[in-house]
Amino acid sequence: MTELLYLLAAVLFILGLKRLGHPRSARSGNLLAATGMLLAVLVTLVDLQVVSWLVVIAGLAAGTGIGAMLAVRVQMTSMPELVAAFNGFGGAASALVALAETLRAGAETIPAETGVTAVLSVAVGAVTLSGSFIAFGKLQGILPGRPIGFGGTNALNAGLVGVAAVVATWAVIGGSMTPYWLLAAVALLVGILGVLPIGGADMPVVISLLNSCSGLAAAAAGFVISNSALIIGGALVGAAGLILTFQISEGMNRSLANVLFSKFGVGEGGGQAGDAAAVQRASVDDVAITLGYANSVIVVPGYGMAVAQAQHALHDVADALEARGVEVNYAIHPVAGRMPGHMNVLLAEADVPYEQLLDLDQSNPKFAQTDVVVVVGANDVVNPSARTDTSSPIYGMPILDVDRAKTVVVIKRSLSPGFAGIDNPLFYLDNTLMLFADAKEALEGLARSVVEV
Amino acid sequence: MTELLYLLAAVLFILGLKRLGHPRSARSGNLLAATGMLLAVLVTLVDLQVVSWLVVIAGLAAGTGIGAMLAVRVQMTSMPELVAAFNGFGGAASALVALAETLRAGAETIPAETGVTAVLSVAVGAVTLSGSFIAFGKLQGILPGRPIGFGGTNALNAGLVGVAAVVATWAVIGGSMTPYWLLAAVALLVGILGVLPIGGADMPVVISLLNSCSGLAAAAAGFVISNSALIIGGALVGAAGLILTFQISEGMNRSLANVLFSKFGVGEGGGQAGDAAAVQRASVDDVAITLGYANSVIVVPGYGMAVAQAQHALHDVADALEARGVEVNYAIHPVAGRMPGHMNVLLAEADVPYEQLLDLDQSNPKFAQTDVVVVVGANDVVNPSARTDTSSPIYGMPILDVDRAKTVVVIKRSLSPGFAGIDNPLFYLDNTLMLFADAKEALEGLARSVVEV
Amino acid sequence: MSEALIIGIVVFVLAAFVGFEVITKVPPTLHTPLMSGANAISGITLVGALATAAAGAGALASFLGFLAVTTATINVVGGFMVTDRMLGMFRKKPK
Amino acid sequence: MSEALIIGIVVFVLAAFVGFEVITKVPPTLHTPLMSGANAISGITLVGALATAAAGAGALASFLGFLAVTTATINVVGGFMVTDRMLGMFRKKPK
């Protein structure tokens, strides 16, 4: 019976994952998967001969409290790092299960084939743990976002993986706990050194890959304790996570190997600001007039809008323009902001109608027929050097071709570069006006002025 | 080891099915699946303690000989019925496996849960067998293609299913072979009476559904003999076949329930010819002139082209027209002919370039800008009453809107109706010319005349 | 329920999911060959037929086994061959 | 190889196929929530953690079990909640 209920839970996971991939059904998919998980946990509790209820209940209570608090408290802008942290905890759990089970059964007595799966679970789980927390640190700004490393990082890591393989073999044939602990330590090091040299911009890819790993670790733990729920659930996430990883890196126009081993964006971290004398500045009132007499306006939001929390003010400006008969749309670049879907979430929060959001392919043909493009705190995603400058670190990334519009207004605080740490030729074009200000303040001013012109 | 090799075979089945769904990879997909099957059979032969090699070898030899002969000999136009026949054999095999195994283990001794799966295998396998052969008979013309039945067919069938359920229960709890034989007999009857009332035009849907059933029967047999290869392979085909069934019936614009229970096309079978005086006749030379001075021509092939084997002559006409600078395309209706893809296969055989074949959605917007449409042996798929006449049995089927072209030339031998047995208003329109002739002869004449005009 | 039955059900459900997911929107041209190829795969029951025939338990069971092997082999061999023939016709022959 | 291992492999391979097939082309907007939801599912290791913690074999094993339950629960509860929160923001609030 237990097995069949586990199967039902697995079916709920499958249906949940499937629904999570479509906009309309995504939320119900998440609920379905959560129901499956609740079922699996209840079945386990009923089925187990629990010796130490205290341990079980304390663990469940502590985990629920911490998880719920983090999930509710965190800022929208910090969600990607939160996912990374949760993922790290999952990896840790799988490694711990394998360790505890080996300890309980006795490292001397477990058969070699169980040893193999235990070793896999410990190694993959530990890599997931440390790798996820390095990703967390990079996104939180605790660690510098730029790639950290030296020439031989890849070689050193390859060497460490070799050491891990030797230690793992020792664990399988040796019959003592020592190599298991050692393996966990080496694997933690591999996770740290593997993720440090990857730039913060690529963290979504890394987190997704580590998510796939945490699935594999769970499946391996399932083999150790002969539990079909872990094997099915783990294999599902391992495979689905891998496919998702490819899709995410494709969306960023990078190959997975390139993300992992190439130290993309070794830029100077801070980056220098460009030459302020070479740009055309504009005041809020200048921009209000330009906008007020336009026929069509496209807004390009970026990370700066998120930082300034300017989405509501932006919507107010759009309302004011629409009241004057101006057509307003929003062009959303797939990697604008700091996580996939970042802009969509913020604009939805400010009640911007879904129909006005255009993606890359919809908006690029429109710019040439657009009177004014307003770039709000975006930078890399509108950098024309991605099209032309083969030496640029973002060369080849598809960008929003805003420079084709009649007039471009850029709202940002200075000429400082964005995430990739590079200057942006857009700012110096003849048809570009720079409005240097915090996005929220500038837009609030615009909302007032547009009504008056 | 055996189990893992079976798993490998199953993986080959999965990859094969996946590839079969895409035009470029379809053939390699079939080879992959066949390789998986060979692997599964070899593994079984090596693994078994064969007591009676004679029986095994005789069966394999006989089956291979008959199967290969049928596959090589049969005409292209008879392939759908051949698939039906093969499917029937597969269903028979699953039922026989369950019967033989019950006999061997002793009906008295097998546990109830094995009994349940044995009963399922026998029932589903037998339905598949008889249903498939009725479908075969209808498509071959041995049985009349029109629905056969009387008012209470559905009720009678429901009753028979009830009887089968009772007999099956008896088999599971009774502990003798008698109910098993009886069940097989009742199930054969259900298959016959279930398929007889379905019109020949719907046989592709029925065969696909029975194909799904034969997968389920194989899976049930797998439970009886505890064999994972049968369970996986059977479940795969059961599910994939079901999806395919829905897609095929969707392609015919029918719902599955409607196909199975509604006696579609109870038309008069023969059908009467229309009024020959009301149409405009044309000679080969008239048509040659019309075609020769056109700018754009679209050809609509149908079942008559297949009967006349006129695809090569058709290609010659197209070549002659193209030599004069006329643009030629082909509009392929999804159910033209007698099986999905029928026209594509024939035109490919005659080396018509793939790019010139337009599907329904591509061709319908084109007809209004087309000078001449040549309908070669098609009828139902260009019948405008599907659009307008709510009482027509084909009302609602999407058709090729050839009546929108400047001129329509219809090549067929008479005004006889096509598969659905109904008259076609297209023939009586002012812009329609009828060329009464065998398709092959007419097209050969046209190929000569077009060069001369 | 026996252990074997439960495992069988788990495997069946997972394989059925794979079957559902693996068939996406198939162009109508491929409906017939795909049906035919899937039909040949359902001939996997041949493996079961071999097991039954090999056991050689009495004349009737042997005869049923023989019939099962024959019919399943027709399904498998004929099915894959006719599918291949159909698909072969879709390809343009090199002139 | 033990029977259990073989069955585990069969189940693993089938489930992995389902995982591969179930994720089709996902719009970029859903990448983050999907990742987050899948991550919560990988917290299924909680079931294993419960089994380990419940066994209560010695102080160290119990402590590891406790840690495993806690971390896995954080993963599960936090993961599903944060995914729901993210997805909730995609929906327009009724004014």
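Residue numbering begins at 1 within each chain, and the chains themselves are lettered A, B, C and D in the order written.
Simple rule for what comes next: a residue touches a chain if its C-beta (ideal position, glycine included) is under 8 Å from a C-beta of that chain, and two chains touch if they have at least 3 such contacts.
No experiment lies behind these values; they were computed from the predicted model shown.
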item: Between chain D and chain C, distance of the C-alpha-averaged centres to the nearest whole Å; value: 35
item: Approximate Å spacing (C-alpha centroids) for the pair chain B, chain C; value: 18
item: Centroid distance [mean C-alpha coordinates] between chain B and chain A, Å; value: 48
item: Residues of chain A engaged with two or more neighbouring chains; value: 10, 14, 228, 232
item: Contacts with 2+ other chains: residues of chain D; value: 1, 7, 10-11, 13-15, 17-18, 22, 24
item: Arrangement of touching chains [line / ring / star / complete / other]; value: other
item: All chain pairs that touch each other; value: A-C, A-D, B-C, B-D, C-D
item: Chain D partner contacts - residues on chain C that touch it in the complex; value: 7, 10-11, 14-15, 17-18, 21-22, 24
item: Of all residues in chain D, those that touch chain A in their complex; value: 1-2, 4-5, 8, 11-13, 15-20, 22-58, 60-62, 64-93, 95
item: Of all residues in chain C, those that touch chain A in their complex; value: 1, 6-7, 9-10, 13-14, 17
item: Chain C partner contacts - residues on chain A that touch it in the complex; value: 1, 3-4, 7, 10-11, 14, 228, 232
item: Contacting residues of chain B [partner chain C, same complex]; value: 10, 13-14, 16-18, 20-23, 26-27, 29-31, 33-34, 36-37, 40-41, 44-45, 48-53, 55-56, 58-60, 62-64, 66-68, 70-72, 74, 76, 79-80, 82-83, 86-87, 89-90, 92-94, 96-97, 99-101, 103-104, 111, 113, 204, 207-208, 211, 214-215, 217-219, 221-244, 247-248, 251, 334, 339-342, 344-345, 348-349, 351, 353-354, 359
